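Chain lettering (A, B and C) follows the sequence in which the chains are written, and residue indices restart at 1 in each chain.
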């Protein structure tokens, strides 16, 4: 209150930037500006096109995680949901099946055989398969949500168990084998272009493929649609208000008539469904149903990107636009670390350090808000 | 060990240099590998990187940590960086197809080392003839097993299969059955899944041996699992040298250092050998040649015929196996 | 008697805005000074300057005549100043003795000398009549009152000459408060000097020998306690005459019942508690701590279950949880404002909007009608005269206690409920804001609503209620109409010495 009357000092300007919604965007731009002279490749259209294409699936998963973090929860099962929905989709729509690979899997003969999956060749089969992914994910989310909201179990524990069980189930379905032979229409969802760009004059009648860069792609459209929808849901609807109320102070929310259980369940469903949508993109870009998707350090990427954006692990503070910038920064980071020829271990160490720095930044921001409030 | 490893690598350097002849312009080569979990991959990685670096090329190494999606993104980053060629050890056969497609669409020549795409018609694919190699190795122990057993006895055979998403694993399994099926009525086969993972193999093998305590013959789809087999067999009295009571006839595939040691000691009877240096050399030659000739989408399948090192030819053929070369270097 | 601590033109400004201005005062040795003032009057800033937490921007302090400019809390503790805060600074996982010696343990031959530590701790505890507490007991196992005494023990251990109490009685029971005052008397007999800060003006009046009043960072009034009746305190604190502590009740209750709770029972908590609230009535609910007042309120609001009995609102039986109660027209301001009433980091507007937000959702996606909502929250801010800047941006935690409480009441007022349950509505609220809250209570009743007002301060119930119901150990002891209000009798009922 007292600060409003005073003229902004340099310190206050710094804290204003730190508190800005666009802070991580500024950070990303500064990062690129600092590195571009040393790695000119960074700003080439091909690299930018890459950074963008790597952003989209991660953005969708992180969007789901943002909702869960907003109520001070955590969803560790997203990676497993990606894996199981990837297998479910592929086993339904694959146009061929390889007995040598899948012969031992429980789905062989029942869902998929030499002529492909149950829905291969069926009109609207792709839509049904995607619906099946979403329904499967929603059921997993429902299970998580009910365990957390109704039985009051800690989200960390619940989703950790879900992660173990669901990823084991995904591996069991195909006996750990990848299911390839997906139809073109599906693969397009993962990497199909809508608008591509070409820089330079057209000298030959046919422009070689390698100088045409994807600009607007299906993944971009899907991811941005999900993010915009999520943004409205979180910031503009009654539902979103309830989410923040629960994240800020759950006892207050209960007393104030927020339907806490319903909202918590819905949030875990949203998180799982986001994972399923991302699973479409991941499966399609790799052209196979893959029970090992989303394993390893994948969760670090998701939670890291979300937290770097500024969403608090303590709940009540979350914005989709923060997550968008967080994902951008995180993907840029991976991209540049690749350009620097660092090994996978070094890359993970740097990523870990950056996430730690983001957590420290969160503390710093909180302190600044407190100081200026005095 | 380092000394001979370097000398053997130097041999390839010489070969590559001879091929490039005039000393082609230094190229940027992206070398993307899934992870280096076995001796075979470590030795292959070593051979490829040293050869390229010593020939004056720049190697951009990318380790995907066994994550297919990460490998895909790394390859795309390599392409964006404008590399002249890519050598990849893919995570599995399916993602290899996607990766080759991506590289060829961007006019970057690509070679796939040892673990082939499910579709071998695209890219420079260097692959061992897994089926034949496995069959030769298994043949030798099948003959020996039948020779020493009563004519009416059914023998128990175990095969440890790899990750069937990897065509190499499928080929090796097929080779094993090709050998066994020549005497179909004499064998009772137990399959043990490993997923190319030592812990998985350990658990499944333990279960299999508990269920079938009498083992006459074992084939592992990769040599890197011998230490795992030992840890299951030894406490059960199955880990014995040739000639000792209770020796189980064993064969593997790869031809690594451990296998060489074990064959010499007499614990293992045979192993199928992939010619690592031939394969590394073929992959390198393939991409360098493509760069030289401005060929953007070279497609060629190069097969490594391999051979089997058995107790019978150990004396003569030992130094043809890369694992024994490494062992001798220590 | 000499002067212990002297202020000469002491000032502190935050970003150019004065928090304490030009303060001159001499605190005599072995005196007991009561310091009062509304929230934001500058008490905390002054104490933080004495404690070395913040440094003055003008003037100086003298300790026994020598300049005193502490740079840290350690400096203050070194000269002999100790603070006893509202939120205690004890390590609940450590023992009493460890808490006393936390700054440094005496050693013998390099080993911590536990015998000496326990002996000295025991002797200090004895001086505070805490004989029954063993030095080895973990602080976490002690009651709030005992913890406070341990904090005082720590001050004694550090040979503090000046002990400053900041709202020490907030979480204490009546008995514990009495014990604290006895201890304070003992401390003075030992020659120590005390500064006592509190909102409970009666206490300040009775234990202090001098009183100082701060308002807007200035020392506006001071004098001997004997010449300082509560009315003068209030007048000095708020700068005008309130004409009493309570607004007059402006309406008579109807005979129609709004709330009727019949024989509410829950094993171990409530026993056949029945309570009625009429239209336009302010019903006071009085009882000692643990009498079951808040527990009854939680049951009425559907937060806790009840085994027997019915609850009727306007004749309709109530079922389900808070959502159903709210839909039926109930509102509940709980006793824990920060834990249960507010989203502290969220904006004032968001806090005000929470309960009624679904009314502002436009179909089909329940997008919030921001314009209508902002109009309504602005109107509520004006209606309750919440002292804040931009309510859409300012966080609720930046408000004073009184204004925070207005926000909590305001979020319910947005719904125009029929029955208000107010649990300790003026706890931690300064005098001026208390009056505003009382006015609000009166207005709710005058508009035909019912108010169930729970309080431990009998005075405010006597001032505001039309009727007072007294509870003891989960039972309703009886009900007294305004005409028959009698302090002695109500207290006797609360102690269950008589029934009405």
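The rule we apply is simple: contacts are C-beta pairs under 8 Å (C-beta built on N, C-alpha and C of every residue); 3 or more make two chains touch, one makes a residue touch a chain.
What you are looking at is a predicted structure, and each value in this text was computed from that prediction instead of being measured.
Viewed as a network of touching protein chains, the structure reduces to a simple linear path. Of all chains displayed, A has the C-alpha centre closest to the centre of the whole protein C-alpha set.
Look at where the CA atoms of chain A average out and do the same for chain C: the two points lie 46 Å apart.
A straight line joining the Cα centres of chain B and chain C is 75 Å long.
Mean C-alpha position of chain A lies 36 Å from that of chain B.
Shared interface positions of chain A, i.e. residues touching 2 or more other chains, are not present. Taken in their complex, chain C has these residues touching chain A: 14-17, 301, 303, 321-323, 325-327, 332, 334, 339-346, 350, 353-355, 357-358, 360-361, 365-368, 370, 389, 394-395, 397-398, 411.
By the touch rule above, chain A contacts chain B in their complex via residues 41, 44, 46-47, 49-50, 53-54, 100-101, 104, 175-178, 180, 208-210, 282, 285-288, 290, 292-293, 295-298, 334-335, 338-339, 341, 343-345, 348.
Chain A makes touch with chain C in their complex at residues 1-6, 232, 236-242, 244-245, 248-249, 251-259, 316-317, 369, 373-374.
Here chain B touches chain A in the complex through residues 60-69, 72-74, 76-77, 79-82, 92, 94-95, 97-98, 105-108, 118, 163-165, 170, 193, 195, going by the rule given at the top.
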